[in-house]
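One chain, chain A, links the two complexes that follow: it is found with chain B in the first and with chain C in the second.
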Partner chain A sequence: MNEEIIKLGFALIYGIATILAVIFLGLLYKGIDRKLAARFQSRVGPPIRQPFRDVSKLFMKETITPENSVSWIFHSMPLIAFATALLIILYLPIGPFAPILGEYGDLILIVYLLAIPSLAIAVGGFSSGSPVATIGAQREMVLMMSYEFPLAIVVLSLAWLANINATGNAFALGTFTANPVWEMVGIVGAMGLVLLLASIFVVLTSELSKLPFDIPEAETELAGGVFAEYSGRDMAMFYLADAVKSFAMVTLVVALFFPYNLSPWIISQFGVELPAIMGIPIAAYVIDLLFFLFKVFIIMFFAVTFVRVSLARLKIDKASYIYLVPTTIIAIMGMVFIYMGSAL
Partner chain B sequence: MADTTYTFPIGPVHPALKEPTMFKFVMDGEVVVDVDVQPGINHRGIEFIGMRRNVLQTLHLAERICGICSIVHQYAFTLATERAAQVFEVPERAQYIRIIMAELERLHSHLLWAGVAAHELGFDTLLHLSWKIREDVQDVLEIISGNRVNYAMYYPGGVRRDIPPEKIPRIKKVLDHYKENFQMLADTFLGDPVIKHRTVGVGTLSKKDAIATSTVGPTTRASGVMKDVRFDQPYDAYADIDIKPVIPSNYGFEDAGDVYANIVVRLIEVAQSIEIIEYALDNMPSGPYRAEMNVNKVLMMLRKADGEGFGIHEAPRGEMCHYVRLKENQDNLDAWKVRASTYNNILAWQKKLIGQQIADVSIVAASIDPCIGCMDRVAVVDSRTGKEKIMTDVDFHRLSVEKTKRLRK
Partner chain C sequence: MFFGIDTGSGVWNAVMLLLFLAIAILIAFLLRSMGIRGHRKRVHAGEPFYFGNEVPESAYIKASNVYWGFIKAMEKYYKPVMAEHTGNVNDYMAWLVLTMAGILLVIFFM
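Up next is the complex of A and B:
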């Protein structure tokens, strides 16, 4: 009994610490992204701590309820988006640390949870009663319907791969951490994995609603679209949800495709014993965490920053087409390659 | 149809619009079924202010009608004043300096537009690139006139400042720099697949419609209409230079009148302007740069003048007209009428916007390079009861006849 309470208390503290750390990291990555994008465009750009300032300022600002909005839906959606984004984090392994809720959910749950912040944004847009937000919300829905399909194909292909090659629950993220996908396949399968990675990169941009797929917000067309009526605390919640979800989404890609840690390699390569305190390998944790943050940075750089400075915004029909036809075909091809690789 | 449509407002203040104006769209899903443009929000009564000041004061007021196309108003106003007074013999050097300034203005205006168009497409990197390139021409304008905007260069009977020979190498350096970078800019704008997808076939204006709505400037040239004041009725040193209106089909593009054709026209005009400036710098004769240096004498000459003049200048956005009437022994202008190019071009909005998607509205609206500050000359005033009255052409004709009768008394 006593032991369980201690375990629960530890999990609680661990969970809160993770959440706070992820909020901090999400905002930090947002700041880095903005700074790098600015340097790409030969601007000075905002300081890296600007997102923190933005959030604290938004929390101080007045929260306005539009006259013809459905106020309880309007105000609850930002909370739902933020809470779900945080929930996803608890199911994902952050670097060397295993997910807290890892035993209670699997990949399928994460894919569903990832859809909820976007849904909340769309519902919030519809409930705000502004024509601009309504159009933005419609676009958000169309976009979601388009990119969920390739995303599902990627996840299913990987789960199928894990099912035949690894022991344990094929949909659990722990399985992927223990058995990196690249080790399960031959050359043909690796080609398939590259295709899957490419399609998830395309999905990533849209999932995070960044250019060229920031169509629901489209500043110059819809004046902020779904967020047109949001202000103050509600806006801050969406802002935080976006930061956390960006981090979560990239973490998912890292967990699925690049679950490698650096410390085992260092130990085997140099034969050094990394210092540990009270049986906890602190040094290995620090190295692995930094390596994980580096992986997240690399993926964010190529999937978000680099893409958003080099493309113009697409139209909704074209964006939907890109997901439903080319991206889906690439994902299916990846699936076929993996199947062929395993069958051979 | 009536059940599925809804109205969607853009304006009076909207990130897609750089200046306040109002669109009311009737939408079916994402497609525009009908559009009502309601300008008149940015009216400042500048003509009224100008008619209460003397010509030289109004000269500087004219420049402040618009921040971007400042110099074109001053140019057209100066031309109109000179034609009304008919006493100024503009020296040849001044004529060359005038067209150098006008073409530098076109350079910076077109580059500014290119940046704005990129921003409307959500391509902010290209916005910053275009505006970085634009900084050089701004530097040149500052070197010549001392200002980045509102250069205050034109003057009845010449220009206010000379371009001394020691400044010419610096200007040429920038022009060479532009010639080197032009191809890069053209490749980015005309070759990028996403820009092509967003602009080809978007906001088309047929040649017939372009003529029917009497659009001017790049908007009409993109539809293949050969219309350019510098070519049709050359003024000042433009008469010495062989200028051909830039229409896309002469350069291997289609005269579609879409946004892409607008980009083509403006980019080629940048190259054309560089050529004109170079020619003008090389062939600028020496001599005085103003007919009469004494300000008081100029004012006296204008006071004695009696008559009316019509000044037309090919602004970056198209034909820009100023009408000026001077009366003997009267310091202030007797009449002043401005018709900016945007006034003609907004008529094309309706033709261009119907059938487009809502996502295209901002870029189509931007494709005519609207300058609302220049355009809003007519205010619709609500009556004291708060009722709005829509004026028809019959009303305007009646009012005009009444006004003419009053003036004749």
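Up next is the complex of A and C:
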């Protein structure tokens, strides 16, 4: 029992440190994304530290409660969205570090947790008593109903693959970190994985409410939509939740599809011994963490920044259709290819 | 650790989830408390935003419109299915009998 309490204490300290680091990284990546998007559009763009300034500015603004709102729901939803976004991070491996709660939750739990910030946004919008926010909330619900299906297919396909090719819990992220999916398949299966990756890339954009799927917010037509009535510290909570959830969602893609570390390759390729302090391979940790942050950057660049500057906002029924039909078909094809690859 | 479910395919520990959720809410609450609470009293401050206009009663979307985009996207499926909802109990019973007959056929002949 004592050992378990020490383990829990360590997890608590490690968890709090991870949460603080991820808030910082989430805002940093948001800044990089905005800067790069601006460069794509031949603008100078805001400085990379702008999201930090935005949050501090929001904390200095008044928090207005709309007259028609259900105030306790209106004020609690931003808190729930942010807290659950933070919780997701604890179930995901950050670079070379195993997930803090990896033993206590699996992929299915992560998929459910990913839905909670979006649900909180929708409930917050409905509770604000504004027609504009209500339309935004309605759109958030419709989008969520649409993209959950292809996301579930991707997760189930990968779990099925892990179940027949790897030891350990099929739904546990640790299984995917120890046995990269690309090493479990042949050429046909790899084609299936590429299709699943494409599906999850499309889902990623919507999960993060970025163009062309930022329909619930739609600044130009709905004036912020679901967030129209939010201000001050409540808006800051949603802003932080978005930053953290973006990082979490990309981390999930990295963990599922690209769980590779760089340090083993350096050691085998160059035959060097990486320095360690008191038996802890610090150099390897630093290299792997930097490599992980680079992978996050690459995925964020191609799945978010590049897409959002290239495409215009879609109509809600078109967006819903994209998830329900083409993306789902692509995901099912990926699943079939993986099955065929395994059967061959 | 403590109470958890391990099915061999997946794991879930509700106690740890709630414990760390409480910590995450605490951190979020502490951060939130850094912000300014409430607002000064002034005219129009809490009025719902409607592009500078008065909010008409009809501006609120109804429950039947909540899933509009979803139903519109799947129109080809929903249109014939919704047309079958005649409100006549005899029709529903006919569907029930037909579906049961189909299931029984599958069970006995496949």
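Assume the second predicted complex is superposed on the first by the 338 of 344 C-alpha atoms of A that agree within 3 Å, B and C clash if a C-alpha of one lies under 4 Å from a C-alpha of the other, contacts with A are read in each partner's own complex, and residues count from 1 in each chain.
The criterion applied here is as follows: a residue touches a chain if its C-beta (ideal position, glycine included) is under 8 Å from a C-beta of that chain, and two chains touch if they have at least 3 such contacts.
In this text, all values refer to a predicted model and were calculated from it rather than measured experimentally.
Asker: Between chain B (first) and chain C (second), which, if any, makes contact with A:Q269: first, second, both or neither?
Answerer: After superposing on A, A:Q269 lies clear of both chain B and chain C.
Asker: Once chain A of both complexes is superposed, is A:I64 in touch with chain B (first), chain C (second), both, or neither?
Answerer: A:I64: touches chain C, not chain B.
Asker: In the overlay, answer first, second, both or neither for which of chain B and chain C A:K318 touches.
Answerer: both
Asker: Thinking of the overlay built on chain A, is A:I135 touched by chain B (first), by chain C (second), by both, or by neither?
Answerer: In the superposition, A:I135 contacts both chain B and chain C.
Asker: With both structures fitted on chain A, tell me whether chain B or chain C touches more of chain A's residues.
Answerer: Of chain B and chain C, more residues of chain A lie in contact with C.
Asker: Tell me which partner A:D106 touches in the superposition: chain B (first), chain C (second), both or neither.
Answerer: A:D106 contacts chain C only, not chain B.
Asker: Examine A:A159 and indicate which partner it touches, taking first as chain B and second as chain C; both and neither are also allowed.
Answerer: Touch status of A:A159: second partner only.
Asker: Between chain B and chain C, whom does A:A223 touch in the aligned arrangement: first, second, both, or neither?
Answerer: A:A223 sits against chain B and chain C alike.
Asker: Determine, under the contact definition given at the top, whether A:D214 touches first (chain B), second (chain C), both, or neither.
Answerer: first
Asker: Applying the document's definition of touch, where does A:N2 land relative to chain B and chain C: first, second, both, or neither?
Answerer: neither
Asker: Overlap of the chain B and chain C footprints on chain A, residue-wise?
Answerer: 131-132, 135, 223, 315-318
Asker: Touching residues of chain B toward chain A in the complex: what are they?
Answerer: 6-9, 14-16, 30, 118-129, 132, 192, 194-195, 197-198, 357-362
Asker: Per the contact definition, I'd like the list of chain A residues that touch chain B in the complex.
Answerer: Checking each residue of chain A against chain B gives 40-43, 131-132, 135, 211-212, 214-215, 218-223, 309-318.
Asker: Touching chain A in the complex: which residues of chain C?
Answerer: Touching chain A: residues 1-2, 4, 6, 8-13, 16-17, 20-21, 23-25, 27-29, 31-32, 34-40, 45-51, 55, 59-61, 65-70, 72-74 of chain C.
Asker: Please give the residue numbers of chain A that touch chain C in the complex, ascending.
Answerer: 4, 7-8, 12, 15-16, 19-20, 58-68, 78-80, 82-84, 86-87, 90, 100-101, 103-109, 128-135, 138-139, 141-143, 145-146, 159, 163, 169-172, 223, 228-229, 232-234, 236-237, 240, 315-321, 324-325
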